[in-house]
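I've put the structures underneath this note.
Each of the two complexes below includes chain A, the first together with chain B, the second together with chain C.
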Partner chain A sequence: MANKNKKTVENFKSESSPPTGIQVVLREFKKDKLAMFSFLGIIALMVAVFVIASWIIDKEAVMKINLIERFTEPGVSGYILGADEAGRDMFGQLIIGAKNSLLIAIAITILANVVGITLGIIMGYYGGFIDNFFMRIIDFFITLPTLMIIIVVVTIVPKYGITELIFIIAAFQWMSTARLVRSKALSEARRDYISASKTMGTSDFAIMFKGLLPNLSSLLIVEVTLNFAGNVGIETGLSFLGFGLPPSTPSLGTLISYAMNPIILSSKWWIWLPASILILVLMLGINYVGQALRRSADAKQRLG
Partner chain B sequence: MWKTVIRRILIMIPQLFILSLLIFILAKQMPGDPFTGLITPETDPNRIEELRIKAGFYDPWYVQYYNWITNAAQGDFGQSYTHEKPVASIIGDRAEKTFALALFSVILVYLIAIPLGVIAGRYHDTFVDKTIVLYSFISFAIPAFVLYLIFVFVFGYRLMWFPTSGTVDVSLDPGTWEYYWNKFYHLLLPGISYAILGTTGIIQYLRTEIIDAKTMDYVKTARSKGIPMKKVYSRHIFRNSLLPIAAFLGFTITGLLGGSIFIESVFAYPGMGKLFIDSILSRDYSVITALVMLYGFLALLGSLLSDIILSIVDPRIRID
Partner chain C sequence: MGFVSTKELLTIRNLRTSFRIKDTFYPAVDDVSLTLRKNEILAIVGESGCGKSTLATSIVGLHNSIHTKVEGEILYNNQNLANLTEVQFNKLRGNDIGFIFQDPLSALNPLMRIGEQIAEGLIYHTKLNKKQREARVLELLEQVGISNASRVANQFPHQLSGGMRQRVMIAIALSGKPAIIVADEPTTALDVTIQAQILDLLKSLQDEIQSGIILITHDLGVVAEIADRVAVMYAGEIIEEAPVIELFRNPKHPYTRSLLNSIPQTHSENEKLEIIQGMVPSLMKLPREGCRFSSRVPWLDESVHEKNPKLHEVGPGHLVRCTCWQHFYFEDKEGSVNG
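Take a look at the complex of A and B:
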């Protein structure tokens, strides 16, 4: 009898405690089947791209120029998606391009968000002069015509490669994250638990990154997801204009940029359309997951 | 009111100064100089040297900066080396086309976004609302250049409804009615695709604003006084929700100008964005600096415009 009572009390407790963190997200995704589907689909797509690009496709063979086979139509002589102007296999280029674009976007996202989040928390926690100083800088840079300045910087950098591209784009992407994190950290840092930590003599560093940071996590997941989608867009956009990756390293953007040639755009659809559709699917999927995460981070909008 | 506006304008001055300095330093770092393109086996190296000295290439940087900025303030951005014309006249010609496209798109953005936003908010959670939300989600997520290419492919090449490049057919005489119609016809496809991307923010804002307004006290009061719901929407809610939309104007314009690089590249539309890409490729750095400066200035102006409109519309913004 006593045992049974204890059990009901436990049950009662677990039911009344509010669901936290990952539980809320799971519930939201269970409720929104499309978000669940997008999430699993994006993960599956990314894994497939990385596996095929790293182990199955021979990069040398794909990039070999073979003029006899130029503009082969899809399905003819073993080319699943046809061949381009130089007779290179489009399917292989598509997969390698997708891998490059995704890797670059992931690197930019990590770099920009680490800087943005760290700075944002520091600004929000200390406030005062540090906050004012960085806010002035951020406010100024955020109004700049970023795309133009990135293009100018890209043409200036002497030894230009993938690493340089990542750093250049990341240098202009941390500001909006920093501004958002700062505004949340500013109100969070005035809460009682932070003051309590201070009274107990916890170091500022520990308060900021062990106390404050976890309490911003729901906001940060949303921000990182949406930033990732944005960064895929920026890299492919730059490559599309011809200022991203060099033509020898395919990216989804360079594949689409072949469509700038009116003949290819109008009659050689297999060269640019698959890459466009892949980008579209990626962007819609990642953004949809991001929106579902945003809903679960805000109690007012939750479906589940 | 005026205090806020003047303070806001005063903040712009140091921003413009830093912007100009930044752009000048960037331009100076560019590899090669405008004259490298002129070198052929026949040119005399001394002649190139002479040109460099004449253009002030060996002056200290602050002297060059001072010369550049004082001239720029008077609208003189120097000479374009590839076009062999003053930069101001080249840009002026292109700017007209870019502004025409942007203006046309801004009008379309408001024409599309306001009805959609109002309908979505009013018929919240119905099929119509869900369709509009889906549309605004897709227009938010799709990369600009992919949308433009698909539009050119479908409406330009496949259906052949619209011309795919340029601003006007060369065969027509300027000044005739057909000439202007043709010009407008060339503007349609880029204008529409440009506008679709700009609608997202306004639709979402209006929608949430109207949904929130439904439960507000002033709406309840109006209803309890016997005003039909239709009138409450058109007179009370609409007016209240629409005012902040005006403040989007500045950001919409700067957003459209910033996006001009993509749209003009895809549609081969000879505006400032295309000029920028062409100048980067030919290292025409006097044109590049002038363009970045102009875009930066317009972006600052856009946020100024939005802030001023917002401070007129919403008195709480005016901080003294």
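Take a look at the complex of A and C:
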């Protein structure tokens, strides 16, 4: 007993510190089995997709038109998930499509968040005129009819592919991040440790990105994760509507859009259903992870 | 007590720092003139809200030029700090001037290791390489009395005790071997025994590095212990300034006297605590002309007040605002501390 007491006192002395960010996140995931499962599942899925798409599947072979094998059913003559109307392997297309969709979503997330976070920190740190100026620009961008502009651009840009799609979507995705980061940076930049850094003669740039940025990290991780889930959805939605990628570049969206053909929708389920399930699983899973992260970033909502 | 040189390190002349509130600038520090000499501890005392921190942050240029106007002269090395640009200031701060904050927990970056935070100034102001900086960090930590320096350098602020954190803050302020150290209530956030240790540390460090220290506090006990000279502030103005012994022996202004009388005296328990009723009015409510102190002494006869009370020299190095303290002297002689 005495021994135990002594130990608690010791612990209290040296480790009376609040748990670090990673410990909190781990605890939250232990409490929330669904988020834990989603996290592991998504990582495994993504790794599998990238490995299979890059090294195992031959893209040329998958996309080769083979009319004899038209609408082969799943499981027949080596087609795990059947074939489409041109006789192309659906499993291969699904994997390549998933890889494209994920890459696009990742690229959009990185691009939009780098812009949003940088701008948000600058606005929050300087405040005043700079803040007001960019706030007006953000307000302007938010009022724009995003979908319409994307559709117009897609229609008029002649050479339209993955890169163009990424830039157009990212152009309308940075504002909410910028606003969120700005509001947090605004309060964080008024803290003493920022002034203390100034009294050391540290430049504004170093203070913003070496001192302040890490202190926003819990917020940023949540924001980036949830944005990522959203961006997987956006690309799919656009492709589904026919404004995303051309059919020659498979993505989850283009695969699902085959369902617009009533015959395929009703009797050729293997063409659109796997892609739909995959996108659903991806978005839900990433969302669960994001929400668990959000809870661990906010002490009031924590489960564990 | 160390030898105070006569050389003036820092000369503040007619400093006025005003904050913008709804498009009007209200002075939180008004017409303050002070000098700091080498190897001297100049204490600035006053109630909460009287502008002590504003004065301190004006010296290190922490004010944002859009919301705050800093006018007057803060002369250091033939430069007027009130007019420096951010880039010029960055050359001075952390090198010539060190700053110690009141609450070390909030003044240390929670996600940066102690060692990195101390090294921050060294990166910008010295040509030391990484190895040399690390060695210097350990040296600084030892200088401020932290024994297991290499361990502490690798820890985060929340892993240290309050006293250790303040020692770290002091190490940071010392890292550039500054000529001037500004300490804004460096002991207020600490408990009493630690306060004494931190004050001892400041005092002994000063003997070592011979810099001038501006020590801001509302604790006259602290002043009595380590200051050489004291300036008493009220509502943004200096109302009395004197060498420390003179101020304690012979306080003139009624406000100073009430501050002195309101130090709890533990040895004579039946002595009454004396305070002047009320508090420093908020910036927008301060009288724009006439004496700012008059609202605290409503019982005084109107004829006693001066229109624009000035500082008068009443003894060597002893300045008092207004001449009417003489009236006071008679009025509350019974409660006087003089004697």
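Just so we're on the same page, the second predicted complex is superposed on the first by the 289 of 304 C-alpha atoms of A that agree within 3 Å, B and C clash if a C-alpha of one lies under 4 Å from a C-alpha of the other, contacts with A are read in each partner's own complex, and residues count from 1 in each chain.
The working rule: contacts are C-beta pairs under 8 Å (C-beta built on N, C-alpha and C of every residue); 3 or more make two chains touch, one makes a residue touch a chain.
Computed from a predicted model, the values in this text were never measured in an experiment.
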item	value
Superposed partners chain B and chain C on chain A - clash or fit	fit
Larger contact residue set on chain A - chain B or chain C	B
Chain B versus chain C as contact partner of A:Gly128, first or second or both or neither	second
Which of chain B and chain C A:Pro214 touches, first, second, both or neither	second
Touched partner set for A:Tyr193, first chain B, second chain C, both or neither	second
C-alpha centroid angle, chain C to chain B via chain A, nearest 10°	100
Which superposed partner A:Ile256 touches (first chain B, second chain C, both, neither)	first
Chain B versus chain C as contact partner of A:Pro158, first or second or both or neither	first
Contacts of A:Leu144 with chain B and chain C, given as first, second, both or neither	first
Contacts of A:Leu284 with chain B and chain C, given as first, second, both or neither	first
Lowest inter-chain C-alpha distance for chain C and chain B in the superposed arrangement, angstrom	13
Common interface positions of chain A, toward chain B and toward chain C	none
Residues of chain C that touch chain A when the two form their complex	57, 60, 62, 64, 66-67, 86, 89-95, 97-99, 101, 103, 106-112, 120-121, 124-125, 156, 158-159, 169, 172-173, 175-176
Contact set on chain B toward chain A in their complex	15, 18-19, 26-27, 29-31, 137-138, 140-146, 149-150, 152-153, 157, 164-165, 258, 261-262, 265-266, 276-277, 280, 288, 291-292, 295-296, 299-300, 303
Sites on chain A touched by chain C in the complex	14, 17-18, 127-129, 191-193, 195-204, 211, 214-215, 217
Residues of chain A defined as touching chain B within the complex	140, 143-149, 151-153, 155-156, 158, 229, 233, 236-237, 240-243, 256, 259-260, 262, 265-266, 269, 272-273, 276, 279-280, 283-284, 287-288, 291
